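The next block holds one structure in the form of structure tokens; read it before the comments.
The chains carry the letters A, B, C and D, assigned in the order they are written, with residues numbered from 1 in each.
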Amino acid sequence: MISKVLIANRGEIALRVIKTCKALGIKTVAVYSDEDRNSLHVKNATESYHIGEAAPAKSYLNQEKILDVMLSSGTDAVHPGYGFLSENDDFARLCEKNKINFIGPSADSMNLCGDKMRCKAAMLKAKVPTVPGGPGLVKDADEAEKIANEIGYPVMLKSVYGGGGRGIRIVNTDQELQDGYETVTAESIAAVGKSAIIVEKFLEKTRHIEYQMCRDHHGNAVHLFERECSIQRRNQKLIEQTPSPAVDEAKREEIGELVVKAAEAVDYTNLGTAEFLRADNGEFYFIEINARLQVEHPISEMVSGLDFVKLQLDIANGEPLPFKQSDLKMNGYAIECRINAEDTFLDFAPSTGPVPNVTIPSGPSVRCDTYLYPGCTVSPFYDSLMAKLCTWGQTFEESRLRMLNALNDFYIQGVETSIPLYKTILKTDEYKNGQLSTDFLKRFGIIDRLKEDLKNQRKDKQLAAIAAAVMHSTFYQSRVKSSTVTNPRWKSRMDR
Amino acid sequence: MEFKLEDIEETFNGEIVSKISNNEYLIKIQDKEHHIQILDINSRGMEFVLDNHYHSVNYLENQTGEMKIILDGVPLTINKNSKFDKIVYKSSGGADVGSAQKNLRSQIPGKIVSIEVKVGDKVKKGDVVCVLESMKMQVSVKSHKDGEIKSLKIKEGNSVNKNDILAEIE
Amino acid sequence: MISKVLIANRGEIALRVIKTCKALGIKTVAVYSDEDRNSLHVKNATESYHIGEAAPAKSYLNQEKILDVMLSSGTDAVHPGYGFLSENDDFARLCEKNKINFIGPSADSMNLCGDKMRCKAAMLKAKVPTVPGGPGLVKDADEAEKIANEIGYPVMLKSVYGGGGRGIRIVNTDQELQDGYETVTAESIAAVGKSAIIVEKFLEKTRHIEYQMCRDHHGNAVHLFERECSIQRRNQKLIEQTPSPAVDEAKREEIGELVVKAAEAVDYTNLGTAEFLRADNGEFYFIEINARLQVEHPISEMVSGLDFVKLQLDIANGEPLPFKQSDLKMNGYAIECRINAEDTFLDFAPSTGPVPNVTIPSGPSVRCDTYLYPGCTVSPFYDSLMAKLCTWGQTFEESRLRMLNALNDFYIQGVETSIPLYKTILKTDEYKNGQLSTDFLKRFGIIDRLKEDLKNQRKDKQLAAIAAAVMHSTFYQSRVKSSTVTNPRWKSRMDR
Amino acid sequence: MEFKLEDIEETFNGEIVSKISNNEYLIKIQDKEHHIQILDINSRGMEFVLDNHYHSVNYLENQTGEMKIILDGVPLTINKNSKFDKIVYKSSGGADVGSAQKNLRSQIPGKIVSIEVKVGDKVKKGDVVCVLESMKMQVSVKSHKDGEIKSLKIKEGNSVNKNDILAEIE
């Protein structure tokens, strides 16, 4: 039985894992870099160990150092979160070798899932349809270009070690392919330490729909319904929701059965996600397995009533799943908005720095997973996700309205955020009607509509702004007046 | 007094008409009277109820007549004595603006992973000058104008802060 | 259709109502006293009106002033929250007369519910069993004593205008009765402005179980399941949960049918609560109807998936209930802890003052309704409820563990709170096993067990405390040393 | 140095052994060494990791060797130089304590709704002296000793704060 879990991660996901462990009476071990000295996960864990400098390679990706902490602290299991070492099969193997329960799939299964080409082959064998593309890794940009010309542009360059939208580029011409090749390689190395590239057909006007899969060590497997994550920027998810407006009960079951097959095909254990593209004609194509707990898992928790971290721990403990597929029913609708520290108008460039003040939304069926607190800092060393704002409703409309309300209540001082963008998106008829696709932002000119919204918002505030200026001027003028009397130098400077 | 709301390019008249009580005022904006009740006030900001609507304002900067405020989370710029400002600006020769145009600044903090130009290179607006890494992403910094690289202020592997000068381009 | 709602209340319930209204696009009007100038409900409402001095009689109980605001602000409905004017039928009638939609039952129905004797008579007629007691109002303490001697001590003195445990006393002897009579009268007058007293048999080892009832203007009525609120102090609820461990599906239906009858018997419309005592032999006795939204409604929202404020608005708009009894199913388990500003060891005396810092718990299936924010003040003018902490779980144990965890995370600086007490209660086997009764605290010696827990907690902290003292002494000593050099007067004072 | 933890009536030896780095120390408590890393420190409090366990402490008061702290939300009292303290206390004649025994103080803030005694009345410990209203509740304030009411410091309808003197009883 797992009694002490090291969380090889930081930020909101470390806090998320700690919460369930605490509730279950399981001890937690936090690790932290220099940069995270004042982070909440350090304060909330049972024990906390400093593991190195700010740069991920020197701390959260430092397998040996993390292993040292696990061994010296008497940890019997490790939760990798997402990102960092979560899909690194070398780390999973290192844990296995040291008799530490890695909360996730086996190293072999992870290796198979992580090798997008071998995984694709396994899916084809299991009759799970996949996206058309090259037969394997490409050795350089020129070979990638050759394949691209065979399957036809646009194509996607994808690092098999990427994830979360990093290490991925859509290119439309030979020139773009040549330029993008190095970037994809570099991003993948920056994020997970290695890279190897495949080329796939890029399908247009697609929806990104993924299934939560779940399989125990006794071969019992179920799916925990789908999530639609079509609203993206630069291939990174912004807004997720469940159920998908493009999936009805029949389709849910049909694809759900494929998902169970997919899990079996790679001998997957614990929780994971099978990602699909849904083409405009309604066809589903498997893209990849995310061999870890995902960022957007809370919305699936909301509609299933399950605690996914508890489920992960139970499976890691060797317990059989406590339910069959037929026991599981979706309850209501849930939406997640990823609150990123980024400047929408600067091509989503990161925005970092101190956050002197923050107001975290709450209310009926509102959940906000975040590492923010008044006085914290958003670090440039780690990713831009500051908070995951989730709302549930009995109907989609109820969850949408609650989300708009919660977005209005969310105040983060000091950094640019994606909150205004989400308010604009959630108000569009296209979003309300479920006309989702991965090019949603471009297709519906969302950035321009955001600009318009912000302009109108300023107009709405004009009266109060002038009132604020009047009051300030009055107090400011009286200050100047007294300065004039007591400080002649000030006066003379004004007169110059 | 006249106030210009820069964001919507409109000018308003505003003044205090009378003080009703210690924290209540009657103010006039464009010939219409409004009631303002101050809930909380200090040098950095104010919470107030204007005609029974709550607002919160932070005063960020206040230089030579230009006020930058955040009102209910919305950033706004207000100019008072706007004519005076223009005169000051003109007589200063706009030196600051010229220098800003010469300097290519980083809009984000990050680590320089590669530099794509060298001193003396001719660049076009939009050409990549260097690549930054921030939050695990590669971000290309592009030239803001056509010109020649006069100097480079960065080295590969260095970290830069927001607004640091990366290069001078003339 | 209701488009603008005045909330004739303050604190967490005003915020709760605002949240749903905002999500539904309904404008909100807040009212506030001098004391509440910096309260969140003032900031979160669409419009805010100052209505008077801190004392409730001069602001939140000032019907004329509130009516003025409603009329001048173009409000078309009023939500009374709980407490204050929520069960004042004069106010409901005033609203009716001024064509303002009072969100609650009609003034007549409220009057009937509020008159505990007439209500009891209506229940007896509808064959809803009630508690044995005197036939009507007593005119003075001596008449009360006479009835008490007829039905036998212990008896309960109860103001028919009381509520929320105020204006109520259990007495065991003639002397206690004589003493308690005045207190009950005074408390009722302090809380709602009037008093009139009835005498009832006090049943021992009872459970307080109440049913959420719901009836529209078309005569459709359902119950929304029960809540058990047996954990009390001074007849005020501390911890509530749903479902009750003493109610199985058959009992739920049996009593539920009585509840629908009770609602019909008083022609109740909108949401309300029928309160019952469950005697140790399993019999249920109706005690009273709370003709308003209750403090503990969030736990019923959690297990029903319904938004009760939305339901209230829909009913007030004349819409028929969107469900039948058979459509409603309980989902999971929920617990509420009322986080009060009070000193457990000072006989639960109020603890008020500034709250410089506060950390509000969050996490999967945690909901905290509160008016607290860092820098707020807990006022002595209003009641002691600072926050309602609610957790949900698929099982009772999951909700209990999540609650313990959330209580641990809840930090309120500056005032004494009931949090330590709840931690002790939730850890007892008696609570875990559902051995609940209204004398739970006394019966199981909870206060002594709390003392023991606190002592052990201090022991657990001894090492860290000494470490903190060592560090502080070191820095303090070095400060003294430098003072010695620069300030000889300090030195001489030390030498004396 | 010696520290007495008043709440559990135990005395501990504690001292700093060595400074490891700018914010890391080795300390010794009861002959056992512990590692302490300071995350944040100022005059009012400290956040630290002791043997890899996070703690947060606020220093409330520090008078003549007595420290009141809140550690991880738990209030604790620590005495250092405890022998010295006792001497000071004795030589001061315990005057403060005597006065505290004379004064009946309010433990809560509230409004006086009724006064049940008058000057000169004899009261027993537990007799009701007055009734306060706070948070809509009636709270009876009872005499803390047998004695005679020497003076009353309150009037009906007045508000009192926590620790205000209500009456002198001798």
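Assume a residue touches a chain if its C-beta (ideal position, glycine included) is under 8 Å from a C-beta of that chain, and two chains touch if they have at least 3 such contacts.
Bear in mind that the values here come from a model prediction, so they are computed numbers and not experimental data.
Here C-D and A-D are compared, and the pair linked by more C-beta contacts is C-D.
Averaged Cα coordinates give chain A a centre that lies 31 Å from the centre of chain B.
If you average the Cα atoms of chain A and of chain D, the two centres end up 48 Å apart. Centroids of chain A and chain C (each the mean of its C-alpha atoms) stand 39 Å apart.
Listed for chain C are residues 44, each touching two or more other chains. Touching of two or more other chains is recorded for residues 53 of chain D.
Chain pairs that touch one another: A-B, A-C, A-D, B-C, C-D.
Chain C meets chain B in the complex at residues 37-38, 42-50, 73.
Chain A makes touch with chain B in their complex at residues 56, 166, 183, 186-187, 190-191, 341, 343, 346, 349-353, 380-384, 411, 454-455, 457-459, 461-474, 476. Those residues of chain A lying in contact with chain C across their complex are 16, 19-20, 22-25, 44, 298, 301, 305-307, 310, 331-332, 359-360, 362-369, 373-374, 394, 398, 401-402, 404-405, 408-409. Chain B makes touch with chain C in their complex at residues 37, 39-40, 47, 49, 52-54, 56. By the touch criterion given at the top, residues 1, 3, 5, 7-8, 10, 12, 14-16, 25, 27, 29, 34, 36, 38, 41, 46, 48, 50, 53, 55, 57, 59, 62, 67, 69, 71-74, 76, 78, 80, 107-110, 113, 131, 133-139, 162 of chain B touch chain A in their complex.
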